[in-house]
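Next come two complexes, and both contain chain A; in the first it sits with chain B, in the second with chain C.
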Partner chain A sequence: METLSFRLSASTRAGGTRMQAIVGVVASGNLEVLLERAAPADSCMIDITTAAHGFGAVWEAVVRDFVDRRPAGGLRISINDGGARPDTVALRLAQGVRKIEEPER
Partner chain B sequence: MSDWGMQKAALGERLAAGQRHANGKVVPIPSLPAFLKSVIRSGDRVCLEGDNQKQADILASSLANLDPAEISDLHMVQSGIVLPSHLDIFEKGIARRLDFSYSGPQSARIARMLFGGKIELGAVHTYLELFARYFIDLTPNVALIAAVSADKDGNLYTGPNTEDTPTVVEATSYKNGLVVAQVTEIVDKVPRVDIPGDLVHFVVEAGRPFYVEPLFTRDPAAITETQILTAMLAIKGIYAPYGVRRLNHGIGFNTAAIELLLPTYGEKLGLKGKVCTHFALNPHPTLIPAIEAGWVEQIHSFGSEVGMEDYVAARPDVFFTGPDGSLRSNRAFCQTAGLYACDMFIGSTLQIDLEGHSSTVTTSRIAGFGGAPNMGSDPRGRRHPSEPWLKAGAEAAPGSDAALRRGRKLVVQIGETFGERNAPLFVERLDALELASALKLDLAPVMVYSDDVTHIVTEEGIANLLMCRDKDEREQAIRGVAGYTDIGRARDPKLVEKLRARGVIRRPEDLGIDPLDADRRLLAARSIKDLMLASGGLYRPPSRFRNW
Partner chain C sequence: MTAATANTDSLSWYEASARQRIDALVDPGSFVEFIGPEQREMSPHLAIFDLPEQFDDGIVIGRGRLDSSPVFVAAQEGRFMGGAFGEVHGAKLTGLLRAARTLRQDVLILFDTGGVRLQEANAGELAIAEIMRAIVEARRAGVNVIGVIGGRAGCYGGGSLIAGTCSRLIVSEQGRISVSGPEVIETNKGIEEFDSRDRALVWRTMGGKHRYLIGGADAFVDDEAQAVRQAAIDALEVTRGYGVANLEAEQSRLERRLQRFGAARDAVDVWQALGIDKPTDIPALPTDAFLAAANNRENADDAR
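And then the complex of A and B:
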């Protein structure tokens, strides 16, 4: 297991009022993403535990693009990764932000 | 005086030798080893029928059981190296030289044997190219073929999997070569005559059907959201603007996703009747929902597909069928149709380099070509216009005289930026080059050449290479859709944004596609069972795909 942590400044605060959301599953080639509204509104904290070693630069590129393109301010994001490909990671992160924006049912 | 009948005389000798083990044209199974030994000569050029689908498997194992002390130095000229016995023939020293096209399941072993010097390689061909050489300089002395049934006169019924048989028989029999067919059974009257009996010299009653690989079945359950996204991009960003009606699809999951999105996403875009009406394509199970929804007017097939026989027979308005009701496939004709009468080829690959060359070769595997390089190439002999062909030609050379401008076939490579085991789709240097230098080949095995490919589709977007004006633009267009691969991360962001502004690169958002809409619920069928239900029970999936 490898752990990675990123503290990034985020220009847009995550929408909605939900306190947390979870998307994906821990499985081979997949990942689980837990999003919590537990960071300062102008930053995004991302902690990753991954089964695949040596992909730090790719993770950094993926999470930087994510915070640039999606409203992620105020979120603490924990990722449990089962060796997912970068496109899957980007998709799950985007799904997570959409989910935390949804009204509570 | 010259003797102009030496080949005819040689055939006469083979016929007489074979006759001693046969009853008329029928060779009983126990006599098969002695029969083969009597009709095959050392040094013969032998076509053992087999491609990526059907296999003359009984004849293959009998050939592999010959004694190399008696028969050796055969030159095998065949579409597929697929069964273990195909390589046993070389391992044992019965055959030495090989010209072939496809080697999917044997790709690792054939590579080892080429490195080990067990096989003397002529060339790796496309199907159509190898067929062409059957008539010029690789004409078989003996063809060992497969059919469903025969009558005592040798008339053959091949059933839906006719595939290569007419081509192999034409080249062999009309040049005084010997044709031997394995059949499931001998019958009084065949359901239809696929091969006339006077071209077939002997038949072997195998007592069981020849082997067929269900190569074109893709389980919708395994299609990922990213593949769905690439399919949405292709449909909205290529099929729709070019109005692609005549096309061929590869066998990957991305094109399976496209087939399953036609009745849902395609319908929503109002594309029914405007795209995907005519195919050169095997009966893909994943096309069933689109056929049932009335999208497809006509399909010509290279071969059949296991389990699709009853469905095809029940849809004769769409498929080519014989008087017996079953599919008539023909690989040579369908490859020709895919080359000349289709406006687009779209398929997946393993590696794409910075120029746009693509290859399915890795350093330890040689999968061969099959038909993709033929269909995935721009036919220079084409003369008939069509809207997509003209539009692509105009994009490639906007300043030229329209009446003198060649059109262009759309050749689209589609895939995710990272493939299986996180292997990047985009590379600095193709593994095919290492392989070519290790094996001292004159040519690196390239599936689709850079100057044929027109578009690359990944989850990051579409690169239109027709609109690139120089090598630099082309490289950045490729880097610009290469995602988080090393190639993608080393892009020049400014030039990529310029290309995007010109529409050379189009992102999902440029096409009004939200990646979050790429949901499995968009698939018209989400499992093999759904496909079976969509066919009204006519599709009978092979047991390995029945997971319920």
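And then the complex of A and C:
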């Protein structure tokens, strides 16, 4: 397994009040994304454990794009990856910020 | 919360994830997870094999309300390692069942499993034994343990043994229950004995309809979360005891069943012997017609 860690500055704080959210499962070509409100409001921490070695540059591009486009400030994001393609990763990250924004019942 | 506020969206049980199943099953907003993914209680074995881990180790456990009554719920995620039992995965279910016994709370187990994880086989096998014991002890204390089977991975290996100890089993057509899976039988006995790629054969031998007909499951439902929810509510209406009398009755039933169907070469022969009018039509029948045709099915006596 390869581990990657990114700490990025985020211009927009993640919405909602939920403390955490989880999306996806660890399977071939899939990944799980756990989002926790556990970072300073102006930054986003992303820790990745992946079965596919040597794709650090692709991961960096995907997570930078995510933090630029989505409200991810204040989030600590932990990923267990089963070899998902970049588009699947981007989709799960987007689902994740959407889910943590959902109103609590 | 009442049934009127239940989630009414249509959801295929087969396609849904473990978390989606729980959300659709219990009263909206009532689920509280125990040992959630944020606690990162993961398998201590998978890293040794350089395999990916999942934060909940492939099983979600917690408490919720079903039609306002408190219940414990466990749901296996069939897409993570085929929903297989490992050390942590098993311990979470064992702990839930022991708490259920102490607190006298009914339990729903949403099975979706190929059996025991090969990478942590000893721990997984021990977990199966502990879970079966915990179910028997909970049932002896008057707790209902209801199993639901309708996921992609089916309910195989040790999972099927656990299912056998439940008070009641709810199954959909998509669900499969068997100790040995199709590939295992083919590998050990040859393709003449069992062709694992013959999906019609797999389903008529291990699928929900056949299991319901021979008393291997107690309720048959559409592949629909709301149908499962209603069947679970119905199953919990009666508290079912568990003792030597149940087991002796079931032993006698199984002996009679073996005499009755032991010579059958195929499930269709069994359905014919059950007195079903057009046994070859069974796989294609929609739920209502199937339930009508299943009138004379074998009936398990809270054990199987």
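Throughout what follows, the second predicted complex is superposed on the first by the 105 of 105 C-alpha atoms of A that agree within 3 Å, B and C clash if a C-alpha of one lies under 4 Å from a C-alpha of the other, contacts with A are read in each partner's own complex, and residues count from 1 in each chain.
By definition in this document, a contact is a pair of C-beta atoms (placed from the backbone, for glycine too) under 8 Å apart; a residue touches a chain by one contact, two chains touch by 3 or more.
This one's a predicted model, so the numbers in the text were calculated from it and none came from an experiment.
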item: Chain C versus chain B on the shared chain A, clash or fit after superposition; value: fit
item: Touched partner set for A:61, first chain B, second chain C, both or neither; value: first
item: Which superposed partner A:94 touches (first chain B, second chain C, both, neither); value: first
item: Chain A as apex of chain B and chain C, Cα-centre angle in degrees (nearest 10); value: 70
item: Chain touching more of chain A, residue-wise (chain B, chain C); value: C
item: Partner chain(s) touched by A:85 [first = chain B, second = chain C, both, neither]; value: first
item: First, second, both or neither for A:27, with chain B first and chain C second; value: second
item: Chain B versus chain C as contact partner of A:36, first or second or both or neither; value: second
item: Least C-alpha distance (whole Å) that remains between chain C and chain B when both complexes are overlaid; value: 5
item: Chain A contact footprint on chain B (complex, rising order); value: 224-226, 229, 416-418, 422, 459, 483-484, 489, 515-516, 518
item: Chain A contact footprint on chain C (complex, rising order); value: 17, 19, 28-29, 36-38, 47, 50-56, 77, 79-80
item: Complex contacts: residues of chain A adjacent to chain B; value: 52, 57-58, 61-62, 83, 85-88, 91, 94-95, 98
item: Chain C partner contacts - residues on chain A that touch it in the complex; value: 1, 20, 22, 25-27, 30, 32, 34, 36, 49-51, 78, 80-82, 105
